[in-house]
Amino acid sequence: MMILFWASLVLIVVSMAIILYRLIKGPTAPDRVIALDAMGVTLISVVGLLSILVGTRFFLEVILLLAILSFLGTVAFSKFIEKGEVFDRGDSD
Amino acid sequence: MEILINILVAVPLIVGVVFTLVTAIGLNRFPDPYTRAHAASKSSTVGVLGILLSVFLHFWLIEGHFSPRILLGILFLFITAPVGAHMMGRAAYFSGVKPSELTVKDELGEDIRRHEGK
Amino acid sequence: MRSSDVIIQTTTKVVFYIIFLFAIHIFFAGHYTPGGGFVGGLLTASAIVLLLLAFDIRTVKKALPINYTVLIATGLVLALGTASASILFNVPFFTHAYDYFTLPLFGETSLHSAMLFDLGVYLVVVGATMNIILSIGSDD
Amino acid sequence: MINLLLFPVLIPFLTAMILMFFPKRVSAQRTVTVIGMIASVISSAILLYTVMRDGVQAVTLGSWPAPFGITMVSDPLSAGLVLTSNLITLAIVFYSFRSIGAGREKHFYYPAMMFMLTGVNGAFTTGDIFNLFVFFEVLLMASYVLIVLGGEKRQLRESIKYILVNIVSSAFFVTTVAMLYSVTGTLNMADIAAKVSEIGQSGILTVIAVMLILVFGLKGAIFPLYFWLPSSYAAPPVPVLALFGALLTKVGVYAIMRTVTLLFPHDPGFTHEMLMILSILTVVAGCIGALAYFDLKQIVIYNIIIAVGVILFGVSQMNMAGLEGAVFYLIHDMFIKAGLFMLIGVIIAITGTSNLREMGGLLKTYPALAWTWLVAAFGLAGIPPLSGFFGKLLITQGAFEAGNLWGGIIILASSLIVLLSVIRIFIHAFWGEPKPVKGTSKQIYRGLFVPAALITALTVFYGVGTEWLRPVMFDAAEILHQPSIYIDAVLKE
Amino acid sequence: MSVIIGFLFMAAVYLILSRSLIRVVIGTGLLSHGAHLLILTMGGFSGSAPPVLEDSVTDFVDPLPQALILTAIVISFGVTAVFLVMAYRAYQELETDNMTLLKGNDEHD
Amino acid sequence: MISVLLLFAPVVAALFVPLLASRLRGIHTGWFVLAVPVLLFIYYLGFLPQVKDGGVHIGELSWIPSYGISLTSYIDGLSLLFSLLITGIGALVVLYSIFYLDKTKERLGNFYVYLLMFMTAMLGVVQSDNMIALYGFWELTSISSFLLIGYWYTRDGSRFGALKSMMITVFGGLMMLGGFVLLYIMGGTFSVRELASMAPELAEHSLFTWALVLLLLGAFTKSAQFPFYIWLPDAMEAPTPVSAYLHSATMVKAGLYLVARFTPIFAASEIWVWLVTSIGVLTLFWGSFFAVKQTDLKGILAFSTVSQLGLIMSLLGASAAAFHVEGAAETMFKYAGFAAIFHLVNHAAFKGSLFMVAGIVDHETGTRDIRKLGGLMALMPVTFTIALIGSLSMAGLPPFGGFLSKELFLTGMLSLGELDLFAPASWGTVLLIVAWIASVFTFIYSFYFVFRTFTGKHKPDLLPKSAHEAPAGMLISPAVLGLIVVAIFFVPNFIGDWIVKPAVAAVQPFMYGSPADVDVHVAAWHGHVTPELMMTIGIVITGLVLYWLLPKWQGGYRAFPEYLTLNKLYDSSMIFAESGMNRLSRSYMNGLIRSYLIYMFAGIVIIVLGSMFVKDAFAVSFEGTAPIGPAEIGLLTVLVGSVLTTLVARKRLTAILALGAAGYVVALLFVIFKAPDLALTQLVIETVSVALYLLAFYHLPKLSRHDEKRKFRVGNAIIAAGVGLMMALLAMSAASQKALPSISQFYKDTVYSEAGGGNIVNVILVDYRGFDTLFEIAVLSIAAIGILGMIKLRLTRKGDQHEKQ
């Protein structure tokens, strides 16, 4: 059973590497953000698997956290790319 | 019983891993950000859901630890993944990235034009 | 057209509470499981950042009328105050007091003055992070 | 009151917090700051008295046994330095009223100052090496704020360099602490010292000692790490400059003193020789700079570097005379630098420039300023009975006793360069034909001059009243010389 | 692990020495990563469980370096924020992000 | 005790001077000041009988007993002699200054404050037994001299001269302090008396010669000996009373005093004898030779002073030689010491009067340029008389005091010729010849001074003022001194017994037990023709001839190249100190943070790697290193990849994403290494940081490489590689050499039972090491307020336009 987990981990790391390639290559900024988002999601998987492998439940917090942050990052980057700034000031319109 | 549990844990895991791999491949193979976003959001969400489910089951069934956080995480991902994809698509569109030549229809563009035409 | 992010705004209203609750949870769990004032504070700040992302600065300021500088100061005073209580008893600074209680529903818990200190940390982190982000964000 | 030694750290800290509640009310800011500072000065005076009466004070926070909690230790050296810092800051607070401007006062000038004092006092008092790092960060962060506050072009330009250098040095600092922890398994300085003498100062420990010297040297501006200092210090307004010049580098120097005397005194043939060579090079480099510029600020800033070299030279001798001289000179230099910078501020306020070539003949219009400057200048150069003399005397004596004749002579000769550099200011600014100056109102002049003169008077007292201060210096040097006193005070509670 | 730390430091220093302000800022970010990993390394890697009490686990990893890193992380976050703002304020006022043009004259300017 | 306090009487009096100067404008402040030296002079006269019999007076005021520093008033023959000179001439100078300085035009307050300060300083120098106090007063004389020379501070020459004299004398003082410290280390006391009593042991000490040389540096600079004399001519920018007082009669003699005072300690050293004597003779020659070149009256006197100081110095050296001669008190050697002191008194008298004369000439004619002067004899007969007395005494002619001391000087030099101590006997002969030549030049410049000014053709049109005799008040002081000069010739032994002999006994305690033992009788005519008399006659004849021919050869001085002079050396070193240092400093302090960082990194790397190498600190052990599994390898690859991306990124967004990715990988590493708290914090912080970057990017430009040259990048890469290598080696070595177990075990043991927590890391943060956390959040708070301040407060916009960039 452990082998299965290890194998899954390796495969996921491989997919991470592929995503990383997209992250590095681009070619456009949105591409990179998409890659980053995918990266975040894969990271969640990695952490999940790792917590099984390490054998502790204390990393389960990390999963939710990652989900939150990944979402946050995606939104922030998207807005940055779309508008060049992250927050609307609220006084311009 | 043991085998059953193992299978219960393994199946979502395998599904998840496969989807994740598919995501990665898709991300590299698709021609433009819009299609890539599609790959990233849909298949990767399924992928991570599978894996998380497996992790949840592992902890619940094997280590006897019921973790509501994972369920919460799954829920969270379910809510946010589409929104994220939407944002990225918008971002790509408004930052002026040209869709691939294979694109059939630009509905948003039509909408905008109609909006401005009014 | 561009500013009406209906989808994100709707989502945010839900997600904000999830994050906030999670932050509180992590803050309280800190003494026994991973977490604590820092992470809790930062997560809370993230939740507010999400609001900022979805709405705009003025709206958020109106919804959460907090002076973050004062929040920082309050947090600092709380943290220092907790630590300084020991001075009154003439024991070394920072000596904490705690006791274990058995409360209904929660089982065995402890009431710990370190918790109060951690609350100070939490407030400072929220205040400082938001202060920084808002300062930069509202600069033009 | 076992927590007495914390008061000089916590009172400014609390003051800063309180100040953050009402940043825009200038008069309230001033009042609270002054009250806080006075309380802090009083507490540190009581602390010094207690330390002198009862010996080294140590408290391990949180009631944990010594190496496990954070220990704060107050020996005569640190108590003396704390009192000095408090006095100087108090004077600079008064000085700021008339010079810093309402803009800065409304934007956290005083809280930043108080935070910085917290950091400085904490760094002087702490007995835990990682805690030292934290206090360094507190004072550095506050100094970043102070150096950039106002956002003038020059400030921003130099702040970038300042912060960059300090980020690098902090990174090195924290890694070095980690390595030290890896080897000795502890963070308490007394405990480290005990363990190092137990297991012997192996090669790696010596290298770590060298790293520590360099890291602190970066803050303390020794050769070859001083390059960032002159232009960075010249950027902020004068009160901030005075604060930096008096306190910041001295924290680095203090840390080096602790490192080489308490933690790693077992391989003097290597570490102390190296420190000596570096300190002499520092003196030389400082002398070059002090002569090279015709700018008031630059001249005195380079004198900081010279002083750092002199103090560390005294430390590197590792005998009673050298150490006592170093302690003496350290405190002297804090006072005198504060005084000099404040006086420079007065001159700049009057003339509207810091370029020596554009001023002259002030002796006629501002005689009191001229004489105060002259006294301060001679104090800096170590003309007896002013404050710089006894430190230098003892340092020279230490050098000669240790057989470093040329080193001692170089230190003496450096006094000449120091004198030349500051007398040049006197000759150009106060002598010569009066030149048209901007002038300043009487009120501002008085507001600036009085604190400066008071600090200068204090240095005169410091020199003339050496006999009363001597027990402090002696005890401080003795603890540096025999770290076992310090170690026992911390570990055998 | 040490090699990776060395690599991080190398990259950080290289970036810090470069001419673009943004690259310098990024360099400091890498520098702090390197420092944190180094602290972690110094704690050693023995121990099989996170330093959180759990029934039947006795073999914890060293918790102290972790606490130190935590402190260091927060501090470097603060420093990064200040540096970043300083950088962009400097850019606003001085209108360049070229470190070479940020030289300035030491003497009365 | 009283005598110590009286040392400070002038300074205390000086406190009231500004008040008097401003309140009582009608009366010249000098009249009040005059009381101080007069009263002190009378006070010191009271010690004469006691001291004549070999008694000493010691007053002591403890100052810093723990360092063995006290203020003393030690009055023996030597210090009494000097005290009388200081107060006596001081009184005359003050009197003179009352007429010399105009009460309406000058800032008299300052002048008299400096003068009184100097008086205290000088009294302190000669009466201090404690070397530290001595040093203090010594520097005070330099300072007051600086202020007095710079009294007319709007003149360039005054400022230049003031700085020059201060630099040189303070330098000497510092070196002297070094010598004092060495003596203290050798003898364990700062008291000169006690040191003198242990002189033989000191001579054995290895540091003895160092102390000697350092101390002599002090004496030579102060007494304007070769090559340090160059400050003295420039010091003539001071008002003439000051020149008369400081730069001829008293301050410059402090160096002589020092040598005399330490002769009992250092006489045992042959280096001392030869160094003092030969430098003295060299100075004597040099000063007299160049005095003839001068055209400024005060310049002549300045060089003459240099020369005369050299003379006394050489005599003091010769007097130390007596230590090495068996039964010296019976031979010619006894004359040197006596001659030194005797001439010192003489010189003070005639040189003082000559300076005052020069001042009168200056005051009444408006110039001191000897080329413009001439024929003043008829206009200023009294002044001429005084000048003649002084000059002839200086030239060593009877019937003036100078004749006697010149005779004694020649005796002293002759005795050296017989000394075959540690050097070939011919050496002494060389000195004798040089001394003789110098005396010839002395003769010439004395004549030159007086006759060029007062005889010859009067050139009224060259003079700024029409010359006439000075007011009577101004003539009093020089006249008194002139009378003394004459008196010394006629009653030399009165002065000899009362003043000189006690002083000689103090200088040469190894020869005399008490002043009465000093068996020297001074006479103008010894009843037979002595070699000294022959030499004097030779001097006069040669001198007269050369003076006659002066216009023929004076131009020869101009052949002496200017760029070889010591003045030039000083000037160029000062220029180097300013512009040279400036250029030097600018060459590396170029304002580029990159350069600074490169110096720093290079310094750190070299020093640390060097230490590692020297101390053999490198070690690797794979025990306890990180377990390397596939996950680790994968993560590290990702880490390396993202770091490389930051290095090569061309767009800032890419760089930031890569940095974020690196941060996330670090977080994952924390997961692998079982640090959940860290992982959580790192993740959130990283995200927030990235958000901050994005926020800040709104204000920042696009990433640009600013065309970094290849060389630039290679340089960076080398430094970077060095730092990387250093850190890697350090980390490896430190991790491999864990000498002791960590203190963490304690935390593991007590976390639940005593701290009441479960998460050790968090408990450390809030409890064990909560103090760190308290200040860590303080850091965060400061950052927050700092950023707020930075953004909200922009002073540039309001003004501050003086910066052009």
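So that you can tell them apart, the chains are marked A, B, C, D, E and F in the order they are listed, and the count of residues begins at 1 in each.
In this text, a residue touches a chain if its C-beta (ideal position, glycine included) is under 8 Å from a C-beta of that chain, and two chains touch if they have at least 3 such contacts.
Bear in mind that the values here come from a model prediction, so they are computed numbers and not experimental data.
J.: Where the centre means the average of the CA atoms, what chain is farthest from chain B?
T.: F
J.: Would you identify the chain whose C-alpha centroid lies closest to the centroid of all protein C-alpha atoms displayed?
T.: That would be D.
J.: Looking at E-F and A-E, which one has the bigger number of contacting C-beta pairs?
T.: If we tally the contacting C-beta pairs, E-F comes out ahead.
J.: Computing the C-alpha centre of each chain, which chain sits at the greatest distance from chain E?
T.: Farthest chain from chain E, going by C-alpha centroids: F.
J.: Just give me the whole-number Å value for how far the CA centre of chain A lies from that of chain F.
T.: Whole-Å distance between the two chain centres: 70.
J.: Based only on mean CA positions, could you tell me how far chain A sits from chain D in angstrom?
T.: 48
J.: I'd like the Å distance between the centres of chain B and chain D, where a centre is the mean of that chain's Cα atoms.
T.: 58
J.: Where the centres are mean C-alpha positions, what is the separation of chain A from chain B, in Å?
T.: Inter-chain centre distance comes to 11 Å.
J.: Tell me, which residues of chain C touch at least two other chains?
T.: Within chain C, the residues that touch at least two other chains are 2, 8, 15, 18, 22, 26, 32-35, 38-39, 43, 46, 49, 69, 72-73, 76, 80, 93-94, 96, 125, 128, 132, 135-137.
J.: Chain E: which residues touch two or more other chains?
T.: 16, 21, 34, 38, 41-44, 49-50, 52-53, 64, 70-71, 74-75, 78-79, 81-82, 84-87, 89, 93-94, 102, 104, 106, 109
J.: Give the residues of chain B that touch two or more other chains, as numbers and ranges in rising order.
T.: Each of 72, 76, 80, 83, 87, 94 in chain B touches at least two other chains.
J.: Which of the chains touch, listed as pairs?
T.: Pairs satisfying the touch definition: A-B, A-C, A-E, A-F, B-C, C-D, C-E, C-F, D-E, D-F, E-F.
J.: Quick check on the complex: what are the chain A residues that touch chain E?
T.: Residue positions touching the partner: 54-56, 58.
J.: Given the complex with chain A, which residues does chain E contribute to the contact?
T.: Against chain A, chain E makes touches at 49-50, 52, 54.
J.: Would you mind writing out the residues of chain D in touch with chain C in their complex?
T.: Per the stated touch rule, the residues are 1-3, 6, 10, 13-14, 17-18, 20-21, 23, 59-63, 69, 72.
J.: List the residues on chain F that touch chain D in their complex, please.
T.: Residue list for chain F touching chain D: 63-67, 132-133, 135-136, 139-140, 143, 146, 150, 153-154, 159, 162-163, 166-167, 170-171, 174-175, 177-178, 181-182, 184-185, 207, 210, 214, 577-578, 581-582, 584-586, 588-589, 591, 593, 595-597, 599-600, 602-604, 607-608, 611-612, 614-617, 619, 727, 730-731, 733-735, 737-743, 746-747, 767-772, 775-776, 778-779, 781-783, 785-786, 788-790, 792-796, 800, 803, 805.
J.: Per the contact definition, I'd like the list of chain B residues that touch chain C in the complex.
T.: Against chain C, chain B makes touches at 72, 75-76, 79-80, 83, 86-87, 94, 112, 115.
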